[in-house]
Amino acid sequence: MSQATDDSLVISSDPLHPANLIPELCRSFYNLGWVTGTGGGICIRTGDKVFIAPSGVQKERIEPSHIFVLPFPQPEPSPHTDRVFLRRPALNLKESACTPLFWNSFDLRDAGSCIHTHSQHAVMATLLWTGPVFTISHQEMIKGVRVAGTGHALSYLDTLVLPIIENTPNEEDLKDSMAEAMTKYPDAAGVLVRRHGVYVWGTDWEKAKTQTECLDYLFEIGVKMKLAGLPTVLN
Amino acid sequence: MSQATDDSLVISSDPLHPANLIPELCRSFYNLGWVTGTGGGICIRTGDKVFIAPSGVQKERIEPSHIFVLPFPQPEPSPHTDRVFLRRPALNLKESACTPLFWNSFDLRDAGSCIHTHSQHAVMATLLWTGPVFTISHQEMIKGVRVAGTGHALSYLDTLVLPIIENTPNEEDLKDSMAEAMTKYPDAAGVLVRRHGVYVWGTDWEKAKTQTECLDYLFEIGVKMKLAGLPTVLN
Amino acid sequence: MSQATDDSLVISSDPLHPANLIPELCRSFYNLGWVTGTGGGICIRTGDKVFIAPSGVQKERIEPSHIFVLPFPQPEPSPHTDRVFLRRPALNLKESACTPLFWNSFDLRDAGSCIHTHSQHAVMATLLWTGPVFTISHQEMIKGVRVAGTGHALSYLDTLVLPIIENTPNEEDLKDSMAEAMTKYPDAAGVLVRRHGVYVWGTDWEKAKTQTECLDYLFEIGVKMKLAGLPTVLN
Amino acid sequence: MSQATDDSLVISSDPLHPANLIPELCRSFYNLGWVTGTGGGICIRTGDKVFIAPSGVQKERIEPSHIFVLPFPQPEPSPHTDRVFLRRPALNLKESACTPLFWNSFDLRDAGSCIHTHSQHAVMATLLWTGPVFTISHQEMIKGVRVAGTGHALSYLDTLVLPIIENTPNEEDLKDSMAEAMTKYPDAAGVLVRRHGVYVWGTDWEKAKTQTECLDYLFEIGVKMKLAGLPTVLN
């Protein structure tokens, strides 16, 4: 494993630098209930560099100095093992267990940012939609979602369809089934993980964030509608 | 389209200047769940100037420099197309898609401010009240609502009635049906849009905001009552 | 009506001065959903002076300069009309419509502070408990409530009983029925108003606030239990 | 009772000093709804010193100067009575009534921190799981919980089991039944108290906090599942 480390990659006075943005966004995601108890997070890719938060830490208390920087693409065939780093924290930290999942969004969608939440709305949606997909139609918020997460915006007349994959004991083992779902549902803007949460990506952090907000809103209203006995898809 | 631009219109050290208020209010509306995922917002009219936020941006991160200023009234017959601006942001931004809807509140109610939310309470109300109106009676919060949004306050003994219009794929296409509903229900303090949200106005931003809070409260408690099997209108 | 006004009564660098506390507490009550849309508030009495917020304003944006100060007791037989003031804001403001209700807590319980909320938990409790009282037992939070609001703390084995009075079109007209309920239920720590909210008092602002928190918690869990079909009072 | 008092034990410019952390964490627990109305709190043990908040105060307004410091272990056979202090506040305060319960986590689990919440999710869980334990399986968040609170992390394939003890009128009287439950369920990461709340501990404050977040999440989703008629344990 590469030990290369260049601290200047995470030191910036620009509040929009990824090493400053990730801590700030994680704090706001904590307040939304998306990343409570060390789970979830966000990564940002700027061209050939990927900024990733550490694993297993309190996400609302990350500091820029905790951020990992990896080259993109990775020289190795897979970022699953023996990852190469441009910068590692001095502390005894490990990069987010979501790393191979985030990589799916770069490899398969050319994403610039990927968000993972443990939102209860997402988890409840995977419990009430027991099949392989979550679907909802005729909601204004659908217009905030983009085809494949990076394409043009959906229309109010489109039915939103997100695949739901089954959870695995090790987060890294979701990589293949997530990639499979992204291939099978090429227009889907995210992937739900049953009893776990959701992965959502975008061309940059703003779009990844606003799309996650739209999808989370749709999970929440969909769950409310289902529990109230209302149909969630109209013909 | 006029390219006139006067940046001094949005630079002020007064926190109550519309260009400072709109960003601050949008941040607080984000925390209330009213403007998540780029949807929703607020406009403020001060006499012959209208201050409007940009379209499709994260509403909790607007800066004064992002604000559009339009003259009121517009020289053109309709603000729907070929709008005239007093000030446009230097960035590649478009004015809010709600602009023609906001204009309804100026033209038909002489409003000084109009708010649009995607609140889930509003959307759930439009799903559980399946007809053309939302109604509720005998709630103290009704006293915070004004006749026609700009008149005298309702009494505790008044039944609140708000029209619900059907959503359209393009937000601007709601202009005519919203105007029609405002004409048909001249006393209504706002207009609900099915599966979308609500428009609420007032003589100034304080009243538009407090009335939106009262109406949102009434949507929320009305939905809770309906789901609990309680009648929402008493005779 | 007395026009006496002494601004020094509301100017202090002490954050615990009532004129500083009331704005701060109202902001936090707004975030709790207790005083949205201009309704609700808190008054503080320090010996012979009563500090009261204005009526009909956004409660999260009150300034110390907006605060009214009244002498206690009032020279007049009732604070209902022709009130005497030690200090009135320079602005065109009216004292809170809750003033005669707050006065009940001073006159009948020797309270030092009284809080009025429009909390949805309180309103839902008055809708699901259709009789003259709200009751709940066997909840740890009952231990945070005091007999009569100003006496010794309740025990876990006590059943909490709060009277519910019927709402009236004018808030001031609640004065007599609230006083009657306080006389009929001398041990009650607050008075619920059907379809409106709750009044809670204490010997000082800290106790009024913590008791309101305990009662609001009990309304919330009581409503959840009732909707889940669980009994709220055990024998 | 020892009157020894050394104020230097609670004065530090380090934001991670226990006397600074406890007030900050209590403020954030207040915002989570865990410590409303003076109930609940957190203690931190650093080797031979235990830092504890006062009893019966507003937990979101604690100051470092309010913190008690006790030696660990206590020279007396039990910390239940006649406690020895290294530092007591100058004010008329009493140490948290949870002290003997916190001590259980030190004595029986060698914990470095213990948290007590009155979260409504915890209380609702104790009402809907009417037997001696709360159980849930197949939730990603289970992986954030550790065996016995201080051991290795649970797997996604483990069923989470937490004992529920019955509440008593005096908080201190829970000491024996909590210790009994910890002995009977040696792997449990916390103890629920029926109609009251939960105790959760960890090797340090970060782990105690993240485990409390995970457990609270599991109570919340478990309650939602139960109310929606979904099974909470899969075979």
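Chains: A, B, C and D, in written order; residue numbering restarts at 1 for each.
Operating definition for what follows: a contact is a pair of C-beta atoms (placed from the backbone, for glycine too) under 8 Å apart; a residue touches a chain by one contact, two chains touch by 3 or more.
If you're wondering where the values come from, they're calculated on a predicted model, not measured in any experiment.
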Count of contact steps on the shortest path from chain A to chain D: 1
Interface sides of chain B and chain C: same vs different residues, half threshold: different
Rounded Å distance between chain B and chain C, as computed from the means of their C-alpha atoms: 32
Centroid distance [mean C-alpha coordinates] between chain C and chain A, Å: 45
Numbers and ranges of chain B residues touching at least 2 other chains: none
Listing of all chain pairs that touch each other, if any do: A-B, A-D, B-C, C-D
Contact set on chain C toward chain D in their complex: 138-141, 144, 155-157, 206, 209-211, 213-214, 217, 220-221, 224-225, 228, 230
Residue numbers on chain B that touch chain A, as the complex places them: 36-39, 57-58, 118, 120, 123-124, 127-128, 167-169, 193, 195-197, 227
